[in-house]
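Dropping the structures in below, format is structure tokens.
Next come two complexes, and both contain subunit A; in the first it sits with subunit B, in the second with subunit C.
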Partner chain A sequence: MASNVSTKNTNNSNKNGSSSNSVISKLKNTFGLQQLIILIVLFLIYGLFAALSPAFRSGSTLTSIFDASYYVGFLALGVTFVIITAGIDLSIGTSMMCAAITGGVVYNQLHAPLWVALLVILAMATAVGCLNGFLVAKLKLPSFIATLGTMMITRGLSSILSNVQTETFPLRGTSDGWYKSIFRTSGDFPTGAIVLIGVAILCAIILNKTRTGRYIFAIGSNREATRLSGVNVVRSEAMAYIIAGFCAGLAGIAYAATYTTIMPGSGAGFEMDGIAAVVVGGTSLAGGVGSILGTLIGTFIMTVLKVGLPYLNLQPHYQIFITGFVVILAVYADIYRNRKKNQ
Partner chain B sequence: MKKKILFGTIFAALLLLVGCSGGNSSSSSKSSGGNSKNIEVVAKGFQHDFWKAVQSGAKQAAKEQGVTMNFVGPKDETAIAEQLEMLNNAVNKKPGAIALAALDTKAEIDAIKTAQEKGIPIIGFDSGVPNAPKGAVKATASTDNYKAGGIAAQHAYDAIKARIDSSATPPRIGIVSQEVNSLSISQRTGGFIDKMVQLLEANPKIGKGKVAVTGHDKFKNKVNASSAKAIIELRVPADVTDAAGKTEASALLKKNDTICVYGSNEFGAKAIINADDSVGGRIGNTEGKVVAVGFDSGKLQINAIKSDKFLGSVTQNPIKIGYEAVSLAVKAAKGQKVKNIDTGVKWYNKDNVDSKEIKPLLYQ
Partner chain C sequence: MADLILEMKDISKTFGPVQALKDVSFNLRKGEVHALMGENGAGKSTLMKVLTGEYSKTSGTVIYDGQEVEYKNPKESMDAGISIVHQELNMINHLSVSENVFIGRESMNGPMINDDQMIKETQKLFDRLHLDINPRVKVGSLSVGQMQMVEIAKAISMNAKVVVFDEPTAALTDNEIIELFKIINDLKQQDIGIVYISHRMDEIKRITDRVTVMRDGQYVGTIDTATSTKDEIINMMVGRTIFETPKSKSNVPEGAETVLEIKNLNSGKRVINLNFDLKKGEILGVAGLMGAGRTDMARIIFGADPMDSGEIYIRGKKVKINSPKDAVKNGIGYLSEDRKQFGVIVDMSIANNIVMTDLAKFIKAGLIHDKEIETESSKFVKSLSIKTPSVAQLVRNLSGGNQQKVVIAKWLEQNSDILIFDEPTRGIDVGAKSEIYELMTSLVNMGKSIIMISSELTEILRMSDRVMVMCEGRKTGELDIADATQEKILYYATLREEAVSNGE
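Let's turn to the complex of A and B:
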């Protein structure tokens, strides 16, 4: 994690120009502090639910939390890259469901083996990511508009490709049911948590240890300055959208494994769950700042709220209501931090 | 320093929010741990009037039986993932029993099996849990749609009997059925057809083997329409849009020998009402008009009944569905033997549409 923090500090210190050593260490402390705080908030929310509801304190509830976190988690991990470039990707939710339903068509209607269908899901979502990258990085469309367009395209495409039919993936216990064990074994062990954390580590390495990752941070801080210093910004920026697309594909597989049935035209709104998790995790919508660990914690804050609130016998609309407050508070923290930084 | 204060505030606000919400309901969740006194109800919807009525019946039963009941449902009937999460939560709470109206049994099969392994009995209600693993669902409280279709046929027949006796040409009875694949709607259609055939054949003017059923392969019989003394014609629209429904209903109403039409759900009834406007008012309760009967409710259909366009309609009893679902769940939680319950239907017409008995069962 130390490397993660230091990368951001490098960027910030670049921006601040002649910041002294003491300022750097101060920044370091505050960023470390922020992730620590949301981690504490996560545990406190969990503890609160556990204290209020005995039924919440069971292993099976923890499995439910993991089950609900996978697709949001993958979406959030991918879109973290885009948000760090100061862009947004609204298409991830529908693109994930479009890819998943395409996989279903390939499996059910074209009778391809299941592993082919799963690869099709990844390929489809990555292709949408490539399109987004092309539109935003190459053609310079505003990311909000470009991905709003691809959001509608993928939403319509899922209905077209599936002929407005629901696609059902194989059930557990059938000969092709093995893919469900990627995320939860028949003994209810949440193997998906390992997959999610594995992908998160991979994302952290790309973001902090590779040149592409550093360029993505730089583009978010100051795109023009990055371009002038000789960086191929088109390639790096497009890469962020492609990663978001690939992760949406992973989310599609996780969704199919967890929920089995994919409805045509669905997925609108999922992107907001993912973006909210990123924002709660402390990544700035202004770009240039962000961390994978924060996104992961943000994802679990969102899902613990989602799974936990019904244990207090609250109806779904209360969950959305309360989650909304969490998002607003998190965004305010982001704005507050930026204002402080610019002072 | 300021930053610390900010995060402190955020944190306190979070705690407060979650704490408040907990406080509201902590009294109702207090008795958990007792388990067999807790019943979880997972419905197919929440906002719709139909589900509100189901919930009120469920509440009543929970109160009478002295159990804690938690009623949840997804935002609409396509939100399968949302319902699955609700069912998972319900199972994790280890209640005495779960009442479930499944949106998609296949998607929920893992959760149903987990409930079975944990020894939590499941009670189906409304459309129940079709194709559930053996032994998981102990009993179902639902409408006997086949019988309900027959009730509509009986009322329709009583209204057209005199006309059959005096008519020179073979009378035609038309049906608009939204589709013939789903179990509930095809049972309502089939129940109507079978009962109507039986009633017509019992009429000495028509006689056995003289009623032709035409229009769809699923229900067609071997009687030749040209030699039949009465014809039942089933119309199934190409797709579930008001326009397609209207086309089929118009085709029925335009035939001069049609004396009765039946819409086997809200969609079918609506199709008849929409078509009637375009053919210039063929349906009604007065002499010489086509007798119309419907199923379910909805604003158009209730208006048609109040304005003497429709003879009457059959409605399910959502309050009883909720009541019986929870009652069965309580019994199952105690380990008692339970069996399926027909929650019954009610016939309503102009006279009782606003009565205390009928009004709560209808939705606009």
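Let's turn to the complex of A and C:
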């Protein structure tokens, strides 16, 4: 899996990297130096929690880490594309919850079959992605402003559509409970991890092996030079936002399946978990550089922190507090690396 | 004998394993213009950065104004009277001219900035330099040439005893260069020592007193300008001889096919009623001063900017070009004057840059075949002799000349046969320059056609088969290369509408 998910960035650093001893260079070839470092950081954090708290070592903790990783992971995978274009998508969190609650309305109030509701979630979030893509790529609005707007729109829309009612998805064991097994079987097997990794591999292929992906990198490095090469930059840039929207839809389904209840007007702040995972994973906010594998590892760093800190008797707000430092550290690492490169 | 203001002895500088400077010596007299020459990567900029304290030296001594000094940062050296006019403009576009000149040392009135005082000081400075620039306007509204002048004024305003000019004329037109040389002569009179870094041989002969040549981070030698020839200096720089002779007659055969025809092209005030054509196998030189509308013209034909009105015919067929994509489809390629901003994508590999426009060709079942891209781009790396260990190398790591070749390779890969080269050799060293010239010659021999925009008259005269001259958006003249001279081109280049009506 790793070699599929490894990125263009990785390949470059391999070829530039000097030969060192064989085990390290082999690992470097599989992951790239940066991914290797954050993978080690992930294991260090996990090991630290495991050492400090016996309860953390139980299997149920692992289950909750996986549970929490799905929606953050999908958000992060999608927004990776946007960040590589040197843009940002602030709407993914609220768009995901807006889509999920719309699915709930379709299922509960309109009595549609569940599979229809799930498709509605995907369609709704993808539509928001299309709108973002149109605003940013076509109308040239700054992505920060455009997606701040759609963030508020989707947040409001979720309350409007649900009439400010909480929507509940079917529980396990009911006739429509099958969808829960997409992410976790009744035997607690984390099937969602397979889905997440599958989507990640797909994302890596799109990013590294298709024209859209290559142009997304090019746009992030130098949009004007890309345009002057005769590339349809509007289409490729818009695609990044559409992919982010679609992934937010997947996140919505994952959230519904894992946590069952969707509150109106929620989701604000989720986008930051996703964006932080991307940044921790080594994708540069300056654009042009990034990897799906890094985002995946970044996602697990974020969720291990989220799930693990309560085991140290720290309240959830400590998790936010500490995550802040992790993000700053990651961004500094990015800036430091850029400075080295420019010297 | 004039006394020394600056003496650098046996300067060495290493970056990790790389030796950037090795025992380089350089000295500067008061009231002297001393050229520092060498190809890109010879170590000129590094040496100057050691002087200003941007880099710390590994060994050697610097004696300035009779004292051994070691500056820790550019601010210290600036305070001591060493100013540098950078090749890249360090201006803040949203601030006014006077605010830029006095940035970091604003005149204060208690806690408030005293703008009137700064404007007055700036005006005084400009008067002294005979600059006709309003200190109140925003820097962003100035031309590149004017910005350069402001940058120079700023350097001088710091009571400098040593001024370093790092390729000051790269962005200037010939008229602005004349202005610059007047300023430099004024500075000489005031006993200021001037270090002049440039690639342009004719300038060196015109204004410098001595030349020091560096090669590969080492000192080659110092000679008096007056008693040495161009060829001697070039030989010191590259260790081989390069000829710079103008073309005597057009190489385009009689009755060659017209590949491109432009009719009544208009775009605001930047391009006015422009008509011209381009023949198969021709190099059409486009001369003019900065702001003559040459780049605007090129960008419009390439579809990068919209036109107000006008028609474009390719091989007699009328075409619509609304975007670079349309232009590429019609076989037009554009090599920008600013390759880092508009030409290459520096953080991508050579291979990816070369196939950027033609990526569709390398896709099978929706997926990119990187192996084929590598094979294809390797061909171009070989045929254009791009100096790199591999096509996977990031373009960032290439020299200016090789980056330019990557852009050319991109259009060749796409089979573009109408190439617009906008200042193709700007900021490129002498050796790479002649390679680009050879490349252009072989391109037209292959039957491609080139529009070459250039501010260097020697380049225009050497490469063009026909010369079109523009001024303020209009075509003011067209010369066959057999009749073209520097004087004639300059005459047309300054043929302004007003000037014509005033009888000047």
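FYI, the second predicted complex is superposed on the first by the 312 of 343 C-alpha atoms of A that agree within 3 Å, B and C clash if a C-alpha of one lies under 4 Å from a C-alpha of the other, contacts with A are read in each partner's own complex, and residues count from 1 in each chain.
Keep in mind that, in the parts below, contacts are C-beta pairs under 8 Å (C-beta built on N, C-alpha and C of every residue); 3 or more make two chains touch, one makes a residue touch a chain.
These figures come from a predicted structure and were not determined experimentally.
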Clash or fit (per the criteria above) of subunit B with subunit C on subunit A: fit
First, second, both or neither for A:Met152, with subunit B first and subunit C second: neither
Contacts of A:Ser58 with subunit B and subunit C, given as first, second, both or neither: first
Which of subunit B and subunit C A:Thr210 touches, first, second, both or neither: second
Which of subunit B and subunit C A:Ala112 touches, first, second, both or neither: neither
Which superposed partner A:Thr168 touches (first subunit B, second subunit C, both, neither): first
Partner chain in contact with A:Ala50 - subunit B first, subunit C second, else both or neither: neither
Partner chain(s) touched by A:Ala225 [first = subunit B, second = subunit C, both, neither]: second
Residue contacts with subunit A in the superposition, subunit B compared against subunit C: B
Contacts of A:Val289 with subunit B and subunit C, given as first, second, both or neither: second
Smallest distance from any CA atom of subunit C to any CA atom of subunit B, in Å, after fitting: 10
Subunit B and subunit C contact sites that coincide on subunit A, given as residue numbers: none
Interface residues, subunit A side, partner subunit C - complex: 11-12, 15-16, 205, 208-211, 214-215, 217-218, 221-222, 224-232, 288-289, 341, 343
Contacting residues of subunit A [partner subunit B, same complex]: 30, 34, 37, 40-41, 44-45, 48-49, 52-56, 58, 60-61, 64, 67-68, 166, 168, 171-172, 188, 255, 258-261, 263, 266, 305-307, 309-316, 318, 322, 325-326, 329-330, 332-333, 336-337, 340
Subunit C - residues contacting subunit A, complex: 15, 302, 304, 323-325, 327-329, 334, 336, 341-349, 352, 356-357, 359-360, 363, 366-368, 390, 392-394, 396, 410, 414
Complex contact set, residues of subunit B against subunit A: 2-3, 6-7, 10-11, 13-15, 17-19, 21-22, 24-26, 28-29, 32-33, 46, 70, 72, 74-75, 78, 80-82, 84-86, 88-89, 91-94, 104, 106-107, 109-110, 114
